[in-house]
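In structure tokens below, several structures.
Presented sequentially are two complexes of subunit A, the first with subunit B as partner and the second with subunit C.
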Partner chain A sequence: MTAATITQAPKLALRHRLAERGIDRTLLLILPGVIAIAALFCYPFIYGLGLSFQPAKGGVLGAYSAFFSDSFSEGTIWKTFSLAIPSALINVGLSVPISYRMRGDFRGKRLLLTLLVVPITLGTVLTAEGILEYFGPVGWFNLTLQKLGLVGAGHPVNLINDYWGVLFSLIISGFPFAFLLTHSYLSGIHPALEKAAATLGAGWWQRFRHVTFPLLLPGLLTTFCLTFVLGFSVFPSAIMVGDPDGKTHVISIEAYEQALQNFNYPQGCADAMIMTALMLLVIGLVMGIRALRFKGERIFYTGSTGGKG
Partner chain B sequence: MEARALRMRPGTWLVWALVVFFMVNVLGVIGSVVLDSFGRTWFNGWAPQGYTSSNYSQAWDEFDLGQVMTVTFQVTLLVVAISLALGVPASYALARRDFPGKRLVMLLFVLPILVPPIAYGIPLATMLYKVHLAGSFTGVVAANLVPSVPFVVYTMTPFIEQIDPRLEQAARMCGAPTRSVLGRIIAPLLLPGMLAAGILVLVRTFGMFELTFLTAGPTSQTLVVSLFSAATSAGIRSSQNIDAMAVIYTGSMLVLLVIALRFVNPTQLVARSRD
Partner chain C sequence: MTDIADSPAAALDAQRFSELRLNGISRAYGAHTALHPLDLTIRGGEFIALLGPSGCGKTTALNSIAGLLPLTAGSIELDGRRIDTLPPEKRGFGMVFQNYALFPHLTVRRNVAFGLRMRKVPKAELERRVHAVLELVRLTEHAHKLPGQLSGGQQQRVAIARAIVLEPPLVLMDEPLSNLDAALRLDMRAEIRRIHQEFGLTTLYVTHDQEEALSLADRLVVLNAGHVAQVGTPAELYESPRSAYVAAFMGYRNILTLTATRVGTDVATVVGEGVKLVGTVAGPVTEDADVQVAIRPEDLKIAAEGAEAAFEAVAEVVEYHGREFQVDALTRSGKRVHLRTPERVAPGDQLALTVDPRRALVFPMEGEPT
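And now, the complex of A and B:
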């Protein structure tokens, strides 16, 4: 009996000690999810990274040097950024004044939010199909411009199969997304903070500039990152309403064509890795700005915005 | 009301004008597709020359939409079921326990949401080719699980956090075994959250283009992918038929959306609710 107690004591103690640090059988519940993501996300990614270093020719870095030495494929970087950065700036820039105006409660607010959700859920393919017709040479947009006398009858503004169509599609699907995020960040800022500033005699611009905006800025940087990612990975609309062999030959099209049309898997994986690296670089930069410190103090306030503290 | 409206500041007018301008353009984009789908021909002018509903039956036959719809709903429902089965237990453990490496697990679950589908879809499709799953139904479901499981985790974790753990402790004190704590205490409390997460995954999977496009074969295409294929290989097909298919897609999406909005807040469709 004593022997049993002795052998059992350290086992119990170890289990107890682990449980104190939060490790017990409940943690097993995480395993299925973690295994699924590891098998379907991490493993393919590492596999692709490994494959990108095994091109048919050119040595270990052959696929990467092939990408950067060809001006057509290298140009996709510039083309992608020139779509993603303006669209993200426009989307965030428009969301701030609009959601600032709509931070209060008013009649029909839920309806408006619902209407704004529609373009997100429609998805890029349908939006692109609509843009082709609406912004096309004989579409309603050009007809309206002609009626208003802004363009001549025979000279419609050419917006589709061009840079502009893709930019419009990024705004139509990206602006509602940015707006809803900004709106939820804004409603997280307690109205009492602004009221306090108003009591102290601040006008609306001062209240916005010195109270609301600094509190909103971290949220805006996150919103910028997310809309940037949307624009950076633009794919179906760049093919449908853009000029996929020219002005809107973005990096995702290049990677897709290499991997699944030319069946050059190492090159396609290398392109996907370059794409991920560039995206993480931009997100890292923006998040770095967010964490910037000046003389030991954070420049951006990232603490509670609930107004209770 | 009228007098108040007229006294609005110019800034307010400008903001509303922007919103209205955006909405008018969105309505134009959707409206021209819907109108064209009922048109006979529409080469120029404000409206088609004559209306018909035969585009729909033509599109249904030409694109084999019966089969496509079946595949779409099978894929979507399977993805919802599997991602809930994998995601809910994980989010329960993440909400209730603080353990070393928790931040790492959270990072693992945030990456598939953050990295664009095209960037990980290409290596994933390559891997699926190697294991001979590319183009198969299984491959499409597996690919769609990648963003769905983390999405369930991130919607459910805050939901579980706000359920008082003392309810479970009280049940245990009263002598309930784990099985009845799970079945009779936790599951009923989790049901509304699982419903919301499931519907959100449903809407997102139904509209997910990139991953399905990269992994689907001819017999495992979902509606949005065959819409894309029809639209990009146009020329031999009439645009009216493609638009009819687009309207079928929009209609199904709107039905799902109306169902979704009965259970969730609009802002939850893009991010998890912050309040």
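And now, the complex of A and C:
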């Protein structure tokens, strides 16, 4: 019996043999997720991409050249950028000082956090309703201005059904995201770093300028990308509080109208592809800035922001 | 004799002062008082250690002196000038943090130059001082690296360099060695001592390690729950601790609660828990009162054959330490005692123990300080 066990070649378990080649069987568990993503995202995307190259007329690139040869549809690019870039900049810009002030613990911090983040739970439609009421010709905003004598009765400041209404809506819905991200990036910076800077003679502005801000910057660029994407794909509020046939005729409305009102699916798909390409372009640009090097050294520090460095 | 000018520290010179006076500084968080009024006068050039277990208020004291925490009461005067109303950036004290707090996005050189840049020191002087201090802490060849690329000991030296390049009158160190491994800790201890001496710094050093405090400091301040338990030179504290609490910190690992039966002027007889011994009176002890008896492990001896023993104990854990054995033993009443002996002892051995009356200190019972 002993002889038999000795002569038997040591047979490794399948798991071990796979592990030697760097394969972990538990990785198979991600398969359902991969299938879901492939079915719900990759397939429609590739289908749409294929469809965009099959317009009724004009050859393979017909839909694309149709988009760029029509000044109204081409103009949606500028209109969308002019909403998405300012709203992203404002959201990031606002979230920095507010979250900077909210470091550390103070009474009422949780309440303030809740108030700042609540707009996330409001749907776009509810926000749009609110904006319509508040900024409307007889809304509180205009009534207050009238009472203060800043505008004459019957000449309200026109903010809704205009560029400004959509911008407000993007700020209201985008700010909580930007704030939450910035807040968590900030809390990742060890508080001892600012204390150290203070003992080295740095006043609050110098501490922010030379320590906190450089460490926060990579996070701000990421935050910018996310809020930019939110703004670039604006759709319901551009219709409800904007001027969807004019000043806020953004690219997503153009794509929607082509596909579901003109039933020109290839054109709608092409518009959506142009929209995707533009978003990727901006994100690529920002990530490129993040990774910039000067004389072989990274300009933006992207490593750990803890106290130990 | 070595020429002073050869030393890198010669290029730098700490701002001297004659005395820093802490007048009853205290700090409370709501109803909880973290630091009870602390009075201390620090002379220029002194190395002072604040010693105590975690939560005793030593870091609170340090942060209050640095200006990172406002005082609840009291004042701080530097040569008669009141400074506790100044924000930290105006006090000009150097601080070395427990986790170093190096700026991760700046190179070693820029970390060290940070304070000088904040003070708008001219470029030529900045370069000269940064160079000198990097040489002092022996980091010149690592000047271009980021803190993340350095070892713990190197990061520690950057933190020290960054604090002393400003030539501060006082450097505050908050357990600077606690994140290092044992061997490195010994090296850095010597390094801190060397920098202190070469540079003529005044240092306030917070630690919970009595060995570190004894070996580095000119004077020790032992804190107990926010109160000062004793202030004195290492020798004073080591040889004549004022309370059982301080004694416990100074290596008296055996603290026995017994009853004094006969109290003389110098010696007292104490009994209880199967122990009977004569010790030196080290505080106001009254007869028939409970007392605390403090004995160092190395002073607890195995009694010679036939000699009278103070008590008996059974060896439980025996560690071989080369020249001697470190023994944990249990007395009859189940009290654990520690002793060191050159004699070979095995676990389970019955030991008859004795102590020289001069080496057993008898303290009155102390309540928790309020």
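Going forward, the second predicted complex is superposed on the first by the 289 of 309 C-alpha atoms of A that agree within 3 Å, B and C clash if a C-alpha of one lies under 4 Å from a C-alpha of the other, contacts with A are read in each partner's own complex, and residues count from 1 in each chain.
In this section, contacts are C-beta pairs under 8 Å (C-beta built on N, C-alpha and C of every residue); 3 or more make two chains touch, one makes a residue touch a chain.
Worth saying up front: this structure is predicted, and the values here are computed from it rather than measured.
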Subject >> subunit B versus subunit C as contact partner of A:Thr199, first or second or both or neither >> reply: second
Subject >> In the superposition, subunit B vs subunit C on subunit A residues touched >> reply: B
Original post:
In the superposed arrangement, which partner chain does A:Tyr134 touch: subunit B (first), subunit C (second), both, or neither?
Top reply: first
Original post:
Who does A:Ile90 touch here: subunit B (first), subunit C (second), both, or neither?
Top reply: neither
**OP:** Using the touch definition from the top, say if A:Val166 reaches subunit B (first), subunit C (second), both or neither.
**Re:** neither
**OP:** Classify the contacts of A:Thr26 with the two partner chains as first (subunit B alone), second (subunit C alone), both, or neither.
**Re:** first
Original post:
Can you list the residues of subunit A that touch subunit B in one structure and subunit C in the other?
Top reply: none
**OP:** Over in the complex, which subunit C residues touch subunit A? Could you list them?
**Re:** 66-68, 87-95, 97, 99-105, 114-115, 117-119, 146-148, 150, 155, 162-163, 166, 172
**OP:** Provide the residue numbers of subunit B that touch subunit A in the complex, in ascending order.
**Re:** 11-12, 14-16, 18-19, 22-23, 25-26, 28-33, 36, 43-46, 85-87, 89-90, 92-94, 96-100, 102, 105, 108-109, 111-112, 114-120, 122-127, 129, 142-143, 145-146, 149-150, 153, 203, 207, 209-210, 213-214, 224, 227-228, 231-232, 239, 242-243, 246, 249-250, 253-254, 256-257, 261, 266-267, 269-271, 273-275
**OP:** Flag every residue of subunit A that touches subunit B in the complex, lowest number first.
**Re:** 21-24, 26-30, 32-34, 36-38, 40-45, 47-49, 51, 94, 97-98, 101-102, 110, 112-131, 133-134, 138-141, 143, 172, 175-177, 180-181, 183-185, 187-188, 229-230, 232-233, 235-236, 239-240, 252, 255-256, 259-260, 265, 268-269, 271-272, 275-276, 279, 283
Original post:
If you look only at subunit A, which of its residues touch subunit C in the complex?
Top reply: 190, 192-193, 195-203, 206, 210-211, 214-215, 301, 303-309
